[in-house]
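Scrolling down, you'll hit the structures one after another.
Across the two complexes that follow, chain A remains constant while its partner is chain B and subsequently chain C.
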Partner chain A sequence: MFAIASMNGLVIGVIYALTALGVSLVVGIMNVVNFAHGEFYILAGYFSFLFANALGMPIIAAMGLAVALVFVFGLLVEYTLIRPTYGDDMYSLILTFILSIVLQNAYLFIFGPYPNKPPGWIKGATNIFDLFFYGNQRMAALVAGIAVIVVVFAMIKLTWFGRIIRAASQDRGMAELNGVNTTRLNMLSFGLGCALAAAAGVILAPVFPVTPTAGVPVALTAFVVVVLGGMGSMWGCIIGGLILGLVENLGAAYLSTGYKHVFGFVILIMVLAIRPSGLFGRKEA
Partner chain B sequence: MRRICCFLVLAFAIACMATGPAWASDTIKVGVVGPRTGGAAATGKAFEEGIQLATDYVNANGGVLGKKIEIVFEDTAGAPDKAASGFERLATRDKVVMVLGESHSSAALAEIEVANRLKVPFMVVEAWADPITAKNYRYVFRAGPSNSGVVKSTIAQWVAAEKFKKVAIVAENTDWGLGIAELCKTALDAAGVENQSLVTERKSQDHYMELTKIKSFDPDAVLAFVYGTGLHYFVAQAGEVGLTPKAVILDGAGPPSLWPDFWPNVGDYGNLECFVSSMHEKVELTPLATEFRKSYVKAFGKNPTDYKSRSMFDAILIAADAINRAGSVDAEKLVDALEKTELTVTRGTARFGTEKGGPEYHHWMPPMLVIQWQDKEQVVLFPAEGATGKLKR
Partner chain C sequence: MTISLGESRLKSTPKILLCLAGLAVFALLPWTMGVYNQHVLIVCLFYTMMAASWNLLAGYTGQVSFGHAAFAGIGAYVSGILVVKAGLNPWGGVVIGTLCAAAFGFLVGLLCLRMGGIYLSLTTLGFSEILHIVINNEYEITRGTMGLQVPGLIENYSKIAYFYIFLAGALITLAVVYRLVHSNAGLNFRAVQNDERAASALGVDVVRTRLLAFTVSSALAGMAGALYGHYMLLITPHLPSLDQQFLVLSMTVIGGLGSFVGPVIGAFSLEILSEYIRAWGEYHVLVFGLVALFVARFAPKGIVGIYKAWRGKYRAATA
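Right, the complex of A and B next:
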């Protein structure tokens, strides 16, 4: 039981971390909480389903196109909805909340209420050291999730764009004085955050088919991970996601399956009671 | 004096507007409550299909009290607070003479309180929790399955007929899931069948830990009371962890196993899955069931799958019959007429229990089948008299 709970905790934890990275990026740079994050995740799932199933595209191409389209959609949302609200966090929060409801209803209208699943990359399950069977698609999602996280970290740490992101998230005013166009940076960051949600969506849709309202728990979990790890901290997302995944699965294995998600909230409350800024969050000046 | 006259004219006009829709229009309004949005929006779609066919059928056969029947559909999203306010809107704003529908027990339990308070007849269609009719409210009826009815007349008997020795029960944490799981446990304990019970979260996508626990119990059968997309996740993941096909899964609700995306979502793991249903593609209990299928194919270009479309069809026919026999839209007369219902619909002859004291009061329990997917063909396993094949393992 411990082995499969740990393995599943690891897989679910990486998935949580991946979905939370986009939220963390947008919060860290723009101080905008994107309530529609889960709906961008779902949109990418629908796109990959549509391109692969209806248009017959190869699944990798369908996934890539889905992420690209969600990135463009994210840029448009930033330009039309978020940009006019800079300076008042509450407006952007309300706007993204409304956007999430609008998108949910649009998905229901366009795709219907039934779950949609893009084709899996790999079928069946593997016997892991004669201990348990584990779904191949989940293991593939784990590998793909880790790959995306590594690419994002490499981009943040090693590229010029990543350096600008780090500079703006540390001191926006100073970054502007050094010639950083923060308006354009906001737009690209929001698009990138949406693209990360989309990457999670296309990786996970073959495991968890998408429905119009399936983005709500995705976004909720992402917010929990971001708060647990510390607002705006990328490493916090990874550690927070893994802690949440492991706690939920070990709690379900040894305590009760009926309160799996409650264990995560208990951990969140405990951490916040000791470190209100989260595990890796910076204290407010 | 002039002011008083103006006030009286205005008051009269408002009174006419308020009472107008019930009498002045050439339709009689019946309300429907159900989830058009949320996780079980597929049920709302099935209800809409049943409404379309039933209104066409009723209006083509003389309507109600010489007028056309008109359905007003209020979305409840499966949430008790929305359900209660939606019901109240139907009764007070739309002035419906009766309300039908619902498929979430939690929502129905909120709605029956409003129905009882406002004295509006309410016929529950697909919400199974026993307390809905066990509260013995005068204005509350149920023309569909109940937890105790399904367990007693179908699930417990099927488990006995198949001679299962070890059975696992897994239920979502809702009024329906927890209620039916408890009744199953009681029935299995009484029959001496070794069993294990687990609770899962309604909105959970990942069931690996539940399935691992069940696998270590090594059951012959798993009674799964998980509704909606969760059932698809459960069946697919049961195959991945190697629980099936050694153990047989029974979907204790039914419709999710018949949704158009069942096979794409579960793949080969769906083969040999069993489910409870009041409808089978080849078993039709009454001539009206055949007529319903033909009308459905004509209207929607496909065969009916989700049996809740037919449940709604039946409910509207029962409501129309009661209104016609009552000869009035008075709530008391409608309740009296409903209590005397004896109408053959698609699932048999509807008759409501009138003896108080249990969930059978104001309840008509239609017959249910246990069906197994065998190479994507539906094979009826239970009851024996309707069986079209045997259980495959």
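Right, the complex of A and C next:
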């Protein structure tokens, strides 16, 4: 039981880390918390389901197209809704919260309340160290999640665009003085944050089917991970995501399944009480 | 989000008399209408309490709480459970429910208000989800999604009596908000909202100011929720849901964030509108969402803001 719960925790923890990275990126650069993050995650799940099941596209193409479309949608949302609120953090909170409710109800209107699931990538299960059999689909999700995280880290640490992102999240004004077009950077990073949510969505949708409100617990967990890791910290997201995935699954296995998502909240309370800036946060958050 | 000081203060005697006359007419209104319209008025008054107390927090101190509906749920469930399981008098239940909501608000605020606005929003959102999970899991006590049946506040159920109870509740809420906003504490609220660092430098205890606003606002939500539970005679997890939270938020935003009458206008117009489009079923949330998104984007000060801009232009044209 311990082994399988840890394995589940690892898989889900990587996905939490991926979702949290999207939130953290946007917080770090724009100081905006996107409360509709979970709804972007769900949107990608629905897109991949539609393209693969209804249009019969190969699953990889469906996933790629879903992420690309959510990225474009994210750019549009930034352009139409978020951009006018710069300098007023409170209003972006209100706008993204309203957006999340609108999207949830739009999904309900379009797709109905039923769970939808894109086809799996591979079948069967593998024997892990003679301990237990584990579904290949979940193993593939783990590998895909790690791959996307590695790509994101490489982009942030090694490329020109990544350097701009790091500069802007350290000192926005200074980056602007050095010729960074922060308006365009905001738009791109918001889209990128949404695309990361979308990547998590397409990876996890074959394992956990999407429903109109399934994004709420995912987004909440991502927020807890961001606070736990420290606002804007990338390594914090990885460590925080893994901790949260493990705690939730071990808690569900040994304490209570009904309260699975409460454990994350308990962690949030402890972080706020003991070390409010999080594990890797800057002190003056 | 600057607000000129004292703009909504009642200055002259004619204005006060006008308000009192309007109130008197409103208080006689239910005698002229049927049971259904009386119900709509009562629900309007409930949302007035909710929106006005949320506005105290979001509009005057710039703290966005997503747990306002959750605090109403705490008021309702604490009162309901005490009355049903311990045989407490419903009025006593309302008082204890209000106090419990205040206590929870104080604790949540204590935890996250040191860290600035975003943390309050995240924590209250989490708090509201957790409350939902707890209510659904502890169905032996809360009856889960089936709802908890509770007795009414008065022996003989009458809509008119409830109308006056809710009117009193709404007036108490508005009076508390008015008093607080036009006191020294209210000055501190707006100072903190406009420029936290400057306020702090001038000796305003920022954390304590926010904590006061959050606790009072949660207590008022708890009172509204407890009254609502004893009016509907059934408390369901829909009361502390994010959908409810969203309704309260849209009412305040559409009416006018940070203005005294804005939430009242928003509560009445949206509740009456939702009765008209009831035939659309659950999709009225989608419609409200689109309207709220549009208003928040293009007229961030809501109906009151539009009216003020129009009046300003009119005066400029006639002067």
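Here, the second predicted complex is superposed on the first by the 283 of 285 C-alpha atoms of A that agree within 3 Å, B and C clash if a C-alpha of one lies under 4 Å from a C-alpha of the other, contacts with A are read in each partner's own complex, and residues count from 1 in each chain.
FYI, contacts are C-beta pairs under 8 Å (C-beta built on N, C-alpha and C of every residue); 3 or more make two chains touch, one makes a residue touch a chain.
As the structure is a prediction and not an experimental result, all values here were calculated from the model.
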item: Combined model on chain A: chain C and chain B, fit or clash; value: clash
item: Touched partner set for A:G135, first chain B, second chain C, both or neither; value: first
item: Touching partner for A:P217 - first (chain B), second (chain C), both, neither; value: both
item: Contacts of A:A253 with chain B and chain C, given as first, second, both or neither; value: first
item: Partner chain in contact with A:L69 - chain B first, chain C second, else both or neither; value: neither
item: Touched partner set for A:F208, first chain B, second chain C, both or neither; value: first
item: Partner chain in contact with A:N116 - chain B first, chain C second, else both or neither; value: first
item: Which superposed partner A:Y91 touches (first chain B, second chain C, both, neither); value: second
item: Which of chain B and chain C A:L108 touches, first, second, both or neither; value: both
item: Chain B versus chain C as contact partner of A:A5, first or second or both or neither; value: first
item: Region of chain B that runs into chain C when the structures are aligned on their shared chain, from 2-10, 74-82, 128-136 or 236-244; value: 74-82
item: Contact residues common to both interfaces of chain A (with chain B and with chain C); value: 105, 108, 217, 256, 258-259, 261
item: Complex contacts: residues of chain A adjacent to chain C; value: 27, 31, 33, 35, 80-81, 84, 88-91, 93-95, 97-99, 101-102, 105-106, 108-109, 216-217, 220, 223-224, 227, 231, 256, 258-259, 261-262, 264-265, 268-269, 272-273, 276-277, 285
item: Touching residues (chain side chain C, partner chain A) in the complex; value: 1, 58, 62-64, 66, 111-112, 114-119, 121-123, 125-127, 129-130, 133-134, 136-137, 242-243, 246, 249-250, 253, 282-283, 285-286, 289-290, 292-293, 296-297, 300
item: Complex contact set, residues of chain A against chain B; value: 1, 4-5, 8, 12, 104-105, 108, 112-117, 120, 123-125, 132-135, 138, 208-209, 211-214, 217, 249, 252-253, 256-261
item: Touching residues (chain side chain B, partner chain A) in the complex; value: 37-42, 44-45, 173, 198-201, 203-206, 208-210, 212-213, 216, 229, 232-233, 237, 239-242, 259-261, 264-265, 267
